[in-house]
Amino acid sequence: MTDKITLNMITCRTIKQGVGMEAGKTSQKYFDACSIIEMHADDFKKLGIWKNTNVRVTSSVGSVIVKAVETRQDLYPGLCHIPMGPWANRIVPAYTYSTGEPCFKGFPVNVEVAMNEPIMSAVNVVKDACGLLRK
Amino acid sequence: MAEYLIKNGHVFDPVQHIKGDRKDIAVKDGKIVETSALSPAAKQIDVKGKSVMAGAMEIHAHVAGPKVNLGRWYRPEDKLFDSHKTPGMTRIEGGKSIPTVFKTGYEYARMGYTFAMEAAMPPLYARHVHEEIHDTPIIDEAALPVFGNNWFMLEYLKNHEIENNAAYVAWTLNQTKGYGIKIVNPGGTEAWAWGLNCLSVNDPVPYFDITPAEIITGLIETNEYLGLPHSIHIHGNNLGNPGCYQTTLDTLKLAEGFKAKNNFGRKQVMHQTHLQFHSYGGDNWGNFESKAKEVMDYVNKQDNLTIDTGNVTLDETTTMTADGPFEHHLGGLNHLKWANVDVELETAAGVVPYIYSPDIKVCAIQWAIGLELALYAKDPMRCFITTDHPNAGPFTRYPRVIKWLMSKKARDERLNTFKHADKVIAATTLAEIDREITLYELAAMTRAGPAASLGLGKDYGGLKPGMNADIAIYNINPDKMPSDPEEIEKAFSGVAYLFKDGKICVKDGTVVDNGNKRTFWVDVKVKANKQVAHDVREKFLKYYSINEANYSVPDSYAPHPYVIAVDATQ
Amino acid sequence: MPKVVTDVTCPFCGTLCDDLEVTVSDDNKKILSVRNACAIGAEKFNHTSLPGRVTRPRMRQPDGTFKEITYDEAIDWTANMLVKSKKTLMYGWASTSCQAMSVGHEIAEKVGGVVDNCATVCHGSSLIAIQDVGIPSCTLGEVKNRADRVVFWGCNPAHAHPRHMSRYSIFPRGFFTVKGHKGRKIYCVDCRYTDTARCADEFIQVQQGHDYELLNAFRTAARGEALPDVIGGVPKEKIYQVVEELKGGRFGVIFFGMGLTHTLGRNHNIDIAISFTRDMNDLMKFSIIAMRGHWNVTGSGQVLSWQYGFPYAVDLSRRSKARYQTGETTSVDLLVRNEVEACFNIATDPGAHFPIDSVISMSKKPTVTVDPHINMSTEISDIHIPVAMVGVETGGCAYRMDNVPIETRKVVDAPDGMLTDVELLTKINTRVDQLMGAQ
Amino acid sequence: MKTVTLTVKQAPDLYLECENITPDTFAGKKADEIAQLPAYQGKEDTTLGEYFTIAGEAGATAAETQIILKGDCSKMKYIGIKMTAGEVIVNSSTDMYTGGWMKGGKLVVKGDVHSFCGLGMEGGEFLIEGNAGNYLGASYRGDWRGMQGGIIRVKGNVGSDVCTFMNGGELIVEGNADVHIATHAEGGRIVIKGDVNRRVGGQMVKGEVIVFGKIGLMMPGFKFIKDVDLEVDGTKARFAEYIGDLGERHPTRKGEPVYGKIFLKK
């Protein structure tokens, strides 16, 4: 048990993310579908948290608060997933290896418990990063 | 609309048998008229010392559609340092072997062409073909849907149901806004769907239990039953292999005994395309040789055939054909990037870049064969010049091909400087041919001939009063033919004037007007046919991946149509 | 009296299902129900009638709020931005019609834009790979009628292309595949046990980021050469077994997705998958198909290609030539390198789907976003211009993932006074002409 | 040999396209003529004179022309592109396409170069004293003709996709390399003194890659053959010889298949 683990992050489509997107980027459906991180049960144990706990996910480019959940689409220990969207892209490195394609899948992140930290709305995640959020 | 009097030019018009006499051509309301019909307001253009011909007609080129576009985008290197824009009204142009739609329209026009036939339209992709045709400036275009491997056709012709097959062809021409019946590697492309092929006219087609020969004759019968403006347009089996000329003769012989039945003045029942690729002797690349003479001897005595040449231009180019198995074979030879698309129930297509190097014996022999075909042709009204663009070379090389055909000096210079000149000369007969194509013969091979073969002879391909005013005027003087062959190439690279529908679209080789391009298609009426209607419904329900209602090409895709109505109900 | 519109094409994913039935109110204003669509497609049609839809352009104010402006004001501001900027990123195009793209390209050619589409962050890698080694492929109907070996590699149609498996790839019965699913052997290669993997006969779990090595092993095994014991977490015995089973078929097909395009190696992963497919064609028939995402991203590639010769990332900034180099003229690189002065987004949402550094760069530049709905991009733009939804409120041509062109249909009217993409772009084009004529 | 010196006077807002900074274009021109040569920034058509102060003059031919660039050229593209002879010396870093399609002469960059440098290089000598980005000595997208000839030497590290579709010539990297080295190579020679991340020689048909340091993970398509003693760039050492890519097609010479080779220092 530790307060911080390093995992390999992938960001992918999910059907909920698709439905949420079409329902509207500001909709609750979209928020519920995308502001999450899926991890393997072992990694929950490592972090010593129950599912549906907020965590801070930090990569080389930034960090974001999302809710840790279990998934029926099993990952292996050490692999984690945030559905594609503003929360995921808050931490996706923009480096493209000169192909135009950023590092959406396969970059290291630190995950730490952030029990009481709130998850930002989709718009605020982006505005906050762009310095457009009026606090 | 403006009137013009084109004065003092040397006119070459096989339609009126005018062989370079000084004659004035009058243009009014988009048509050629008697000079007496002009009002005093007519603009006068003096073209003294220039040659005047009808707009040239491209009978076989791959200029629009899915495989052409795949060739474009999967070859960015074809545009590297070859993208440019000439100031004025034109759009950015690019592409050496597969020009963009803008460059395609402009280049044809600059060379004096006013019509191009897209040689292979997969019906399922017809909408795409028409989107590109729509975006191609100036020139009129049409497209030939491919039928030679189509499941409906295979099933109807297996039982020799000509009437049903005709009803299906009519339905498809209507759905796809197509022009006529194209056949590519009959049966072989369906076999390719299983990775197989049909290399002779008698190889059975897997599962469908029919032979290429039955497909070809069945489609000739269908074509004449309907009385379409164009004959069947065929790329036969066994293309591009040493010894393939035998298969070619077998294919051509299938037309024996058939007579053309149509109201468009068309006399032939079969057009054999890019004959160069089908005129090879030998049984391996080592003893590969020309059989152009043998093939043309047969073509010359069979007057129900037309052919086009498919001249190799010795460039780096991109091969593309509905002959899927051939492209797979070619990719295996040169190891360059191979693309293939099999199209459900209908056809396939392959694309592979290819470099025709003057230093490679086989390429040089192919170059010679293409020229031999035209030079052996007794009737220039039945032999048309193409490069099977972009397969044997880009169409932008027509001026060079014309130079080689019109000047023995030019082609001997080329022939004798090949790396393997001796071997090439030994494997061909080109060195022995003295014939030089005349401007009059050229007008037949590039204007009047193709027009007649396409059933457009009434309005296109000539300069007779009443015909459409598509006119190309070249800086070449028959009284003072240039001694330097390069001058010929130069003259045909950029027209002095191009009139399209009576409008000046190109002047001194520069595009000055985007014209009003039109889409030609054939609308055939047939008796209502319950059987075919049922078969269509069933195949869409069970086997197609799109709904029948989403198959047809809406009129909005051909906003300026030139519809040829055919009534086959009698 | 409500009416039913049939044969409607779904404007969501590259599967482009064209069998939807939409019931609309007799005044053509409201969608009452949608049949045959997947959950996502249905949601898209329902979205038209969601409350709070923006129907007029909005301009961001200094205090961060948005103020409604007229279409004419928005068009004038946009045209001025385009004419002034030395180099403008014109990104998106994947959710509009080919007709609209053509008008957009005309503008780009005049103002010196770089036209890029969603392939840039989706299947761009696949396009690069095809440019390097070609692609043996086929239409989806061929798969339905002939395929007896189907491989899903790094793709998850169960989530991203929900009706793909039932319409084309796993369950349908075709001409030579009368047994449907029973006649096919289905493989899934992924780093996760996805819902697609659940539908497969064989799941091969590859270690994330080792697809290139695994495919290299597949090719090596197919040539009967020796392999190390384990590759990318997969034992060599498994690899030999699968390769032999594939060879046992008559018609194989590989579907691949962002599991290959997004991971280490990008284009190389697809390149080697294509090379494996090419190898297999010496033994049997084998095809490979990219699971394209946006419903008309393929169309944008087609139109750009016939007009300029490149499928995306087309740099027209010189105005005299079209150029293309992924890694240079691709959106994310242009933004991160600050190589453009302004951004024009249309019919997609970079704000939500680009990595944050490029979004930040965009937010610092004059930016206009054209989209039917509020999204992350509209919220960081100076101007948001709402338009009618293509495929729902207006029609136009679209291209399926296998490049088959299909017409999308108009099923309901857009809210009163809203412009379509074509109308809007045409007006911007006219305004650009006026401004440039004045120069 | 005559010398032209260009000193940066203002940095471009974006990036400046300098395809005219080559001995071939400069040859026979005086400073004021060179100042008039076009340069481009987006749709802005400008001149070299706008961005550089130009001193000296060019020789009569490219071979007799030396170009020295002073000031920060890290936002300048295409320097030395297609040069056939002469010399270009850049005292700073440069951006993309530096030395692209170079045919001859000598090009020296004292700083780093960005991606796509030495693309499709056919001949000449290209020295990079700093680091190089991705696609060094590779082919242009879609082209199967990568580096054909000449020599590139990098004192620092290189990025990914080095020498993709290489057919000839030599690349020497004194530092480390990232992923995908010599992919699709059909000839040529690559020497890497440092470590390589992964994916060396994937889909390689012919050619040589010599690695002094470590290879993160060997491609499964490569097979160990034997140990050999080699002298590489002045160093004698023992190397493990691997052949591959055994998953790829290979030509045959006298009935024997020809493979790509990796030599890994022991």
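By written order: A, B, C and D. Residues from 1 in each chain.
Heads up, the rule we're going with is that a contact is a pair of C-beta atoms (placed from the backbone, for glycine too) under 8 Å apart; a residue touches a chain by one contact, two chains touch by 3 or more.
Fair warning: this is a prediction, and the values are worked out from it, not measured in the lab.
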Practice prompt. For the pairs B-D and C-D, output the one whose chains share more C-beta pairs in contact.
Written response: C-D
Discussion item. Mean of the CA atoms for each chain, then the mean for all of them together: which chain is nearest?
Written reply: C
Response to the item:
Per the C-alpha centroid definition, the whole-Å distance linking subunit B and subunit D comes out as 44
Worksheet item: So, what's the distance in Å between the C-alpha centres of subunit B and subunit A?
Response: 57
Worksheet, complete the sentence: CA centroids of subunit C and subunit D: separation to the nearest Å works out as 34
Worksheet item: Which whole number of Å gives the spacing of the CA centres of subunit A and subunit C?
Response: 23
Response to the item:
Going by residue number, subunit A touches two or more other chains at 97-98
Response to the item:
Residue ranges of subunit D touching at least 2 other chains are 115-116, 134-135, 140-142, 144, 179
Worksheet item: Can you list the subunit C residues in contact with two or more other chains?
Response: 128, 131-132, 264, 319, 324, 326-328
Practice prompt. Any two chains that touch count here, so list every such pair.
Written response: A-C, A-D, B-C, B-D, C-D
Response to the item:
Seen from subunit D, its contact residues with subunit A in the complex are 115-116, 133-135, 159-161, 178-179
Worksheet item: Which of the residues in subunit A end up touching subunit C in this complex?
Response: 8, 10-15, 18-19, 21-26, 61-62, 72-76, 79, 81, 84-86, 89-94, 96-106, 122-123, 126-127, 129-132, 134
Worksheet item: Given the complex with subunit A, which residues does subunit C contribute to the contact?
Response: 12-13, 39-40, 43-44, 47, 50, 63-64, 120-121, 124-125, 128, 156, 158-160, 162, 191-195, 205, 208-209, 258-259, 261-264, 266-267, 293, 313, 326-328, 330-333, 336, 349, 351-360, 363-364, 373-376, 379-380
Worksheet entry | Contact footprint of subunit B on subunit C as seen in their complex | 6-7, 9, 18-19, 98, 102, 109, 127, 130-142, 144-146, 167-168, 174-176, 250-251, 278, 281-282, 284-285, 287, 301-311, 316, 319-324, 397, 399, 403-407
Discussion item. Which residues of subunit C touch subunit D once you look at their complex with the stated criterion?
Written reply: 85-87, 111-112, 128, 131-132, 212-213, 216-220, 222-223, 225-228, 231, 264-265, 268, 271-272, 275, 317-319, 324-328, 337-341
